[in-house]
Every structure is written in structure tokens, then in C-alpha cells.
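One chain, chain A, appears in both complexes that follow, with chain B as partner in the first and chain C in the second.
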Partner chain A sequence: MWKRSVLPHLRLIWDYFRTNLASAMEYRASFLMQAVGMAINDVFFLFFWWMVFQQSSSLGGYEFNDVMSIWALSASTFGLLHIFFGNVRKLNGLVQSGELDIFLLQPRDPYIHAHTARMNFSAWGDFVYALLLFLFISGFHPGKWLLFLLFTIGGALLLGAVLSMADALVFYWGDSSGVTRLVTEFMLNFSLYPESIFRPGVKWIIYTILPTAFVVFIPYRVIQHFNLPVCLGVFAVDIFAVLLARKVFNSGLKRYASGNRMGARM
Partner chain B sequence: MKRFFRKYGSVMRVAMQNSTVYTRNFIFGSLFFCLILFMFLQLWEKVAGERGLVAGYSINRLLWYYTVAEIVTLTRSDMLERLNNDIRSGDVAIQLLRPYQYLTSLFADAAGQIVLRLSINVPIGCLTALVLVGPLEGFQLIHLPFMILSILLGLFLSLSMEAVIGLTAFWTEDNSAFFWISQKLAFMLGLFLPLEMLPDWLRSIAVFLPYPYMMYAPARLASSFSWAEAAWLLPGQMAFGIAVFVLAQAVYGRGARMVNTNGG
Partner chain C sequence: MKTMLTASKLTKNYRAKIKEPGLAGSIRAIRQPQYREIVAVDEIDLEVERGEMLAFLGPNGAGKSTTIKMLTGILTPTSGTMSVAGLVPGKDQRELAYRIGSVFGQKSMLYWHLPALDSFRLLGAIYDVESNVLQKRLDALVELLEIGEHLKTPVRKLSLGERMRCEVAASLLHKPEILFLDEPTIGLDVVVKAKIREMIRRINREEGVTVFLTSHDIGDVEQLCRRSVIINHGRMILDSTVDEIKRSYLHKKVIRVQYVMDIDCTALEGFKVLQCKGNEAVLEVDAKDSSMHDTMGRLMAVGEVADVTISGMPMEEIISAIFQQEDSRREKGGDDA
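Let's turn to the complex of A and B:
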């Protein structure tokens, strides 16, 4: 199974990554401007939280460094997701324009192929900013860095799975852009504030239907105080979400009618 | 003058009609508005703790502050996207042939979208704030015209700023970074942080920038109205609104001269 199904798709993701990066380098100034612009954009929020903590030294047990670590996890997962799967949140457009046909005609899994075909260049700004922020907050502690990177990969997969499920509603509704935007905003907003400010109703949401707790809050606790069963539990949730999202995509795909669009990919 | 209003009034009316098609997106946008207010309430309640005050704002006033600031922020048109698309695709050359001034027609189009979005965002925002914290403390009907004027001036200034950024597409391949940075300056100098929360040195710089006049001015006048503050915030909004609009026209004038067309 590994050799026949997982490995070729990992190679596909890697090949797209290399090709997209080479294409970004072709327009270096634009790429750098987008990435640096996004990093500066993120720095403004560092200032926001610094100002918030001027008003109160602790938010339900969370201090400035804790919130910055959550920010680092959130920005790294969002960045990594959009670097490797730049078409996430773009399925709506692909289906409406008939461009999905291209991925259906090729031998690789269309769910993975359609999502990995593009890279979002500004996401590099998020990712690099997150790494620098985590380095600044935690220093170079190999164990913490290993967990941070593993949770970044797992979180990116989980975030991508949730967003792609929202996007797959395009197969049923004809237009899922509004709901995808809303789910993105909810997932992002819930992962950028300390968990301690949330009321019980919101906590229920972030542990179930919009699982930001598994993207940032639980991973952050595991990074602080390592706990193997919890760590494995988070990765199990990540894998389950990806399999579920693929199933939702494939069910929706049965309702897809080809756009009969002619085109060429260079 | 009559012809001017008839011509650009038609553009505005068409934009309003077009925008009504996207009702589902409006509903999702409204849910986002409610979420943001709810998040702010949870955050600032925690910060205020038992004192119940943050930088002189009670939780009630602070939430109403965010409601008005978000109304200005979320009542956006697609001016930036239109400018980027038209300039990059070269469609601007065709627009220049039409019997109106391109940039003014974009402002009229944006005004149509804004009127419609305001008519949704104002009731949604006010209703959410009412449910979350109750009526605004110390509200007087006599302040209302000044609040409305300040919101409109804030929207005009934001729109003019978007036009300036969008018009840089004549020279740059990608101007999204300019937009993000400008947007975050507006967020940090007014939307997320009222000027009262900033250190003195930053506040004294901020008042000379256009950003606090976009969201801070209307939100401050709505949540904590005083004649003394209205006396400097409203003229400040007008001055920056006119200055940035004139700048946008000047940038457009230079950019439009760079457009070359080839027959075919």
C-alpha cells in the first residue's frame, strides 16, 4: 500500500512544490514582496497582543509568550498548508469554471492532485514568520522544535481537511465560497486567541465541528508538557479528518458534471 | 452638474442592483460580523476583569466602539480588486474610451455597493451589540447626525486610500503587500486598538496619519461622544478624505498617461 499509493502521492506533492517554487523564483520581486508583506502583516498582531498585555498581565493564565506560541503554531499551520496545498479554498472556482476536469483525467488521486497543484506565495511569509517567532519565544530546544514541526504538519492537514470539506459543498450547493470564507474566518479567529477567554459553548465548538483545539491549543499544551497518548491522539484526529475530507470530496464528485472545457497546461 | 449626477447616479444604481445578487454572501458576511463582536467581547471582558474598565472604556462602550469600527471596516466595495484586474488585464484601455471619467465611475460604483452593505451591516451590528451588552450608555439622539456623518467620512477616506493603493498597479506587479500593510495600520490605529490604549508617543504620531480618521473617529464619536472631540475629529476626517482623494486623482492622471494601446 505504501509503495503503490502513498509514495507516488508524496512524490507528486514534492514535484509540484519544486515546480511552483521555481515558478515563484521566475517572478522573484513579486514573490518576495508578497512573502515579506505577509510577514510584516503578521508582525502588526504581535504589537496588538503586546498592547493587550499592557492592560492586563495575564488572560486566564495565558501570558504574552503563551499567546505568541499559539500564534506561531497557527501561522505555521496556515502557512504550510497554503505552501503545499495552495488550491485549498479554491475548489469552488475550479468546479464552477470546469477546471476540475484536468485533475480527473490524470492517474493520481484527484483530491490530492487538485489541492496540491498550486502554491500560495504569500504563505511563505506566514511560515517563516512563525518559525522566527517560535525561535524567539522558545529558543533552540530540539524536543520542542520536533514537536512544533510535527504538529505544524498535522495541524496543516487537519485545517486543510476542514476547509476542503466546506469547499466540497460546491458539489451540492453550486457555490460554496461564502461558507468556505466563513469556516476559514472561524477557524482562524478561534486559533488566534487564548483558549481561556472562550465560554463553554465556544469550547464545545473548537473541540468538535471546528477543531481548532487540535490545531493549536492541545499541541501547545503537549509542547509545554509532553504527553505521548495525547500526542498520538492529536495525530489520529488529523489522519481521521483527512480521510473523512477525501470521502466527502469523492461523494461530492459523483454529482459533478464536466464543464466540457478545453484547455492546456504548460 | 445635472448631467454629472445623472451619469454617475446610473453607475451607482447599477452597482446596487448587481450587489443584490450576492445575498448568500451577505448573510455569511453578517455571521462573520457577529463572530468578531463576540470574540472582542470575550477578550476584553477577560482583560477588564473586575475593574470593568479598559483604557477608560466600559465594556458596553468598548463593544459599541468595535461595532461602529467594524461597520466601517466590513462595508467594503470591490474597488481595489476592480482596479487591479482592469489595470493588469489592460481592460483599463477600454474603460478610458467610455464617456465618463474612469476613476469617478469606480467611486460611483463603490458608493452603490457601500449603500447596500451599510443597510445590512448597520442593523446586524447594532442588533448584535444590543444582544451582547445592551443599549449604548449615554446615547443621545442629538449626537446621531454627527455619528452618521463621521461613518460616511470614514468610509470615503478608506475608499480613497484603496483607490491610491489599487492605482499603484500601473507601476507594480503585485500591490497586495501595500494593501495588507495599510489595512493593518488602520486596524492597529483605530479598529483593534482605540487611540486611548496606545502609548502617548505613538498617539501623538498617529493623529497626523490618515488611519485613525477611518475607524477610530466614527467609533470614538459613536461610543463616547463629546463636542470637543467632534470639533477636531470631523474636520480631520474631511481634510484627510479630500487630501487622499486628490492624491488618488493625481496618481490616476499619471498612470493613465502610461497606458499604450496597439490596434488589432
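Let's turn to the complex of A and C:
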């Protein structure tokens, strides 16, 4: 089952990763500028929180290290997602221009294929920054690192699933770019602040339709105090979300109308 | 199995929103949206034999690309049935993908910033081609398409012709049984067009690949295909051999006359004059309406003839005449209704 249902997808993702990285190396200066630029942008965020915690040592029960840890999880998740699935949030354009055709003509799962075919170079900045930040905050504790990396992968899958479901509305509405942008901003903003500051209504949202809690807050609690059932529960939610997003995508595909805009693969 | 492709009453409808121009129109469209049903492909029946090269022709918007996209599984038909290589496009899409190749002149399968070789390797992995098999296949295609010197050059630095040959190679890496070519020679110069056509002929002859071709370039049709299907407004209006189509229009001739001195073009009244300038005139005559003897007599009466060339009607104009006949038939049908 593993060999037939998962391994081909992992091979495809790896093949695209190598090809996209090779493509990035064609313009090394641009690649480095994008990645470093994003990392510098992230450093400003760190500075902002440092200033806040100069005024108060605790915010809603969260200390500086706690906020930095959830920020590291959030940035690594976002970075990893856009490194391996750079077309997430770009489905709208692919559908409108008819570029999705290529993925439908090839013998691979179109949902995974369409999303993994591109790499977002600036995401490397987020990812590397997040790893350095977590190293700085938590030191090198193998157990914590293993969980951090596993939750980064799971969170990237969950975040990707939510964003791709928002994007798949393009099949029904003709344009979903606004919704995808909003969902991205909500998911990101909710993942940057301590969970305890949110009111019950917002909490309901982050545990259901915009499940930021399963991307950062619950994983962070598990990293701090390991709990196997909760850990497995988070991964179950991640897998469920991916399967649901794939189903939504495939349902929308039946309404795909293609297009004739000229294009090249970048 | 002799039949490669069948389609029965294949239909594709789209629903398009109608909107009056301007902001008021946009607001009205939100309040009371109105839609128009567009029939892009209307009950097309088609059968293509294994190893055949078929030209699928029609003007822009006739439904050619929509038909190809349904046959390759990209679009879901509104109704009708189809089968390609014994599989149902869309339903058996994964298996079908291994057996079809496609070149869409307007869309690239190659990475813009990378050498074509990198894209070929990626495609080899996508199509599960073993690396030693891929290498042998690549060697054969490199020789056939003469792309050896371009393999390591980034695609963005290739000329359109070189890129198109690489696109064709990309579509053939997995040894497809049927090749869908949508405008494969668009924008190419005559030399490259000839090379691409020769390569398509060889693939068909040597590997038995069925070719389903759409093109606005009549040279592609004349030089590659024995049979052509013509569609207009989504409906099939003709399914015949290319020779048969030409024969039906053989009575139409194009006469180019060169006179010793400049002529008065009004003296050619009664002829269908395609061009008249100085001492030269190009006319279209129908041999069914008047004999060539009478025609030549009338032309020689206009002035002293220095040279005459009589040729059959170009294929391009034949196709255009077929479209026009179909359009006027439809208009009459509409008026009658």
C-alpha cells in the first residue's frame, strides 16, 4: 500500500524539488536576495516581540521564548509548504490561464502534481530562519527537534490543504484569489500571537474552519509536554485535511474549463 | 484493435454570464445574473484508425481545441461517449496519460530557465521511464529531431523552432500510441516547418503513432494527412480525404495573366478579380460556368498577353470556401426558421 499510494507521490515531490532548485540556481543572486530578504523581514518581527517583552515579561501567560517558538513553528511550516508546494495559492491563476492542462495530461495525481510543480524561493528564508530561531530558543534537544520537524511537515500539509481548498473555489466562482488571500492572512496572523489572547469565538474558528491551533498551538504544547494521543490526533487532522482538500480539488476539476493563454514553465 | 479513437455524439456546453457594458451593467449582473448557453462542441461523431494521420480543421472558435481537450481527458464532456486507445478519457486518465502524447503550440512542457535535458529527465521520472530506457529513447529522438546541440542550452535561449522540436521530443519520450498536435507549426519559418513535418511523418511511419492534428497551416494538412475532418460552430461539416476535397474543388482555377502593357482593370468585368494592378491580373474562374477556351479568348481580348499561369485553388481557399458555404447554409436555415 505504501509503495503504491505514497511512494510515487514522494518521488514526484523529490523530482520537482531537484528540478526547481536547479532552476533557482540559474539565477543565484535573485534566489539569495529573495531568501535573505525574507529572513531579514522575519528578524524585524523578532525585534518587535523583544521590544514588547521589554515592557512586560508575560503576555497572556506566554513568555518571550514561547512566542518565539510558535513563531518558529509558523515560519517553518509556511516556509516548508512553499518550498515543496510553491503553486499553493497559485491555483487560481493556473485554472484561469489553462495552465492546469499540463498536469492533467500526465500520469500523476493532479492535486499533488499541480501544487508541487513550483518552488517559492523566498520561502527558503522563512524556513532557514525558523530553524535557527528554534535552535536559539530551545537548544539542541533531539526529542524536541524531532517533534518540531514532524509538526512542521504536518503543519505544512494542513496549511496547504486549507489554502488549496480556498483556492479550489476558482472552479465554482471563476476567481478565488481574494478568498485565498484572506484565508492566508487569517491563518498567518492567528499563528503569530499567543493563543490565550483570543476570545472564545476566535478560538472556535482556529480549532475548526481556520485550524491554526493544529498548525502551531497544539504542536507547541506537545513539544513542551509530550502527549502521544494528542500528537497522533494532530497528525490525523493533518491527513484528514489533505484527503478532504484533494476531494474538493477533484470535484472542482469536473468544472474546469481550461483556457488558451500562452505560457511557459518558469 | 484497429480503432484508436472513437467519439459518439460528443458534446460540450459552457454557461457564460451575460453582462451589459459599464458599472450599471455590472450592478445589474449581480442583482439579476443572466447566462447564455454556449455549445462549443455539438454531437461530434468520430472514428480514427490506429496509425492514421487525421487533420482536424476549423476556424478559430470552431471547437477544435475543446474537442482535443475532451479526447485527452482535460475537459469533461457535457454528453456523449468517447474512447482513446481503448480507454475512457477522464475516467481512465492515469492509464491514458501513458499512451497519449500532446503538443500544444501555445503551452510549454519545458522549464524556461533550464536546459531541455533537465525537463526530459523530469518527464522521464513522471512517466516512470527507467533511466537506461530513457537514455536510449533520448538518443533516438535527438537523432530524429536534430536537437543534440540544444540539449544543454537553457530553453529561454533557444529559437522558437529549436524549442518546438524539443517540445515534440518531450511529448514522445514515453512512446505514446497517439499524438495530439494542436498547432505544432504555429509561428515557425518554412524550413523548420518542413523539418517538423518530416519528423511527424517518420514517427508515424516508423513507430506507427496515430496523429491527431489541428492546424491553421494548410501545408501541414496537405503534406501530412490523408484524411481531414472539418468542424465549424462545434458541428462536423465534412469528413473526407484531403484528395477528395481537392477534387471537389478542381473546377475552380486561379489564373494569373501578365500583359505586355498596363491594362484597364474595368475590362475584366464579369470575372472574379482577385487582384489587378499595372500589367498583371489574378482571377478566379469556375470551369463549370464557362469553358477555358472562352475564358482565354476574353482575356486575350483585353490586351497582348505575355504570360499565363493556371493553377488549382489553394487548399487554404478551399477550406475557407467550405466554411463560408456552411455559414451561409446556417444563415439560410436560421432565416427559414
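Throughout what follows, the second predicted complex is superposed on the first by the 259 of 266 C-alpha atoms of A that agree within 3 Å, B and C clash if a C-alpha of one lies under 4 Å from a C-alpha of the other, contacts with A are read in each partner's own complex, and residues count from 1 in each chain.
As a convention for this text, contacts are C-beta pairs under 8 Å (C-beta built on N, C-alpha and C of every residue); 3 or more make two chains touch, one makes a residue touch a chain.
The shown structure was predicted, so the numbers you read here are calculated from the model rather than taken from an experiment.
Student: Examine A:178 and indicate which partner it touches, taking first as chain B and second as chain C; both and neither are also allowed.
Tutor: In the superposed model, A:178 contacts chain B only, not chain C.
Student: Which partner does A:27 contact after superposing on A: first (chain B), second (chain C), both, neither?
Tutor: In the superposition, A:27 touches chain B and chain C alike.
Student: Now for A:37: first (chain B), second (chain C), both, or neither, which partner does it touch?
Tutor: first
Student: Touching A:258 in the superposition: chain B (first), chain C (second), both, neither?
Tutor: After superposing on A, A:258 lies in contact with chain C but is clear of chain B.
Student: Identify the partner contact of A:101: answer first if only chain B is touched, second if only chain C is, both if each is, neither if none is.
Tutor: In the superposition, A:101 touches chain C alone.
Student: Which partner does A:48 reach: the first (chain B), the second (chain C), both, or neither?
Tutor: first
Student: Using the superposition described at the top, list the residues of chain A that contact chain B and also contact chain C.
Tutor: Shared contact residues on chain A: 27.
Student: Which residues of chain A touch chain C in the complex?
Tutor: Per the stated touch rule, the residues are 11-12, 15-16, 19, 22-23, 26-27, 98-99, 101-102, 104-108, 113, 254, 256-258, 260-266.
Student: Which bits of chain C are touching chain A when the two form their complex?
Tutor: 14, 65, 69, 72-76, 93-95, 97-98, 100, 102, 104, 106-114, 118-119, 121-123, 125-128, 154-156
Student: Residue numbers of chain B touching chain A in their complex, please.
Tutor: 24-25, 27-29, 31-32, 35-36, 39, 42-43, 45-49, 54-55, 172-174, 176-178, 180-181, 184-185, 187-188, 192-193, 197-198
Student: Going by the contact rule set out above, which residues of chain A touch chain B in the complex?
Tutor: Those residues of chain A that touch chain B are 27, 29-30, 33-34, 36-38, 40-41, 44, 47-48, 51-52, 54-56, 59-60, 122, 175, 177-179, 181-182, 185-186, 189, 193, 196-199, 202.
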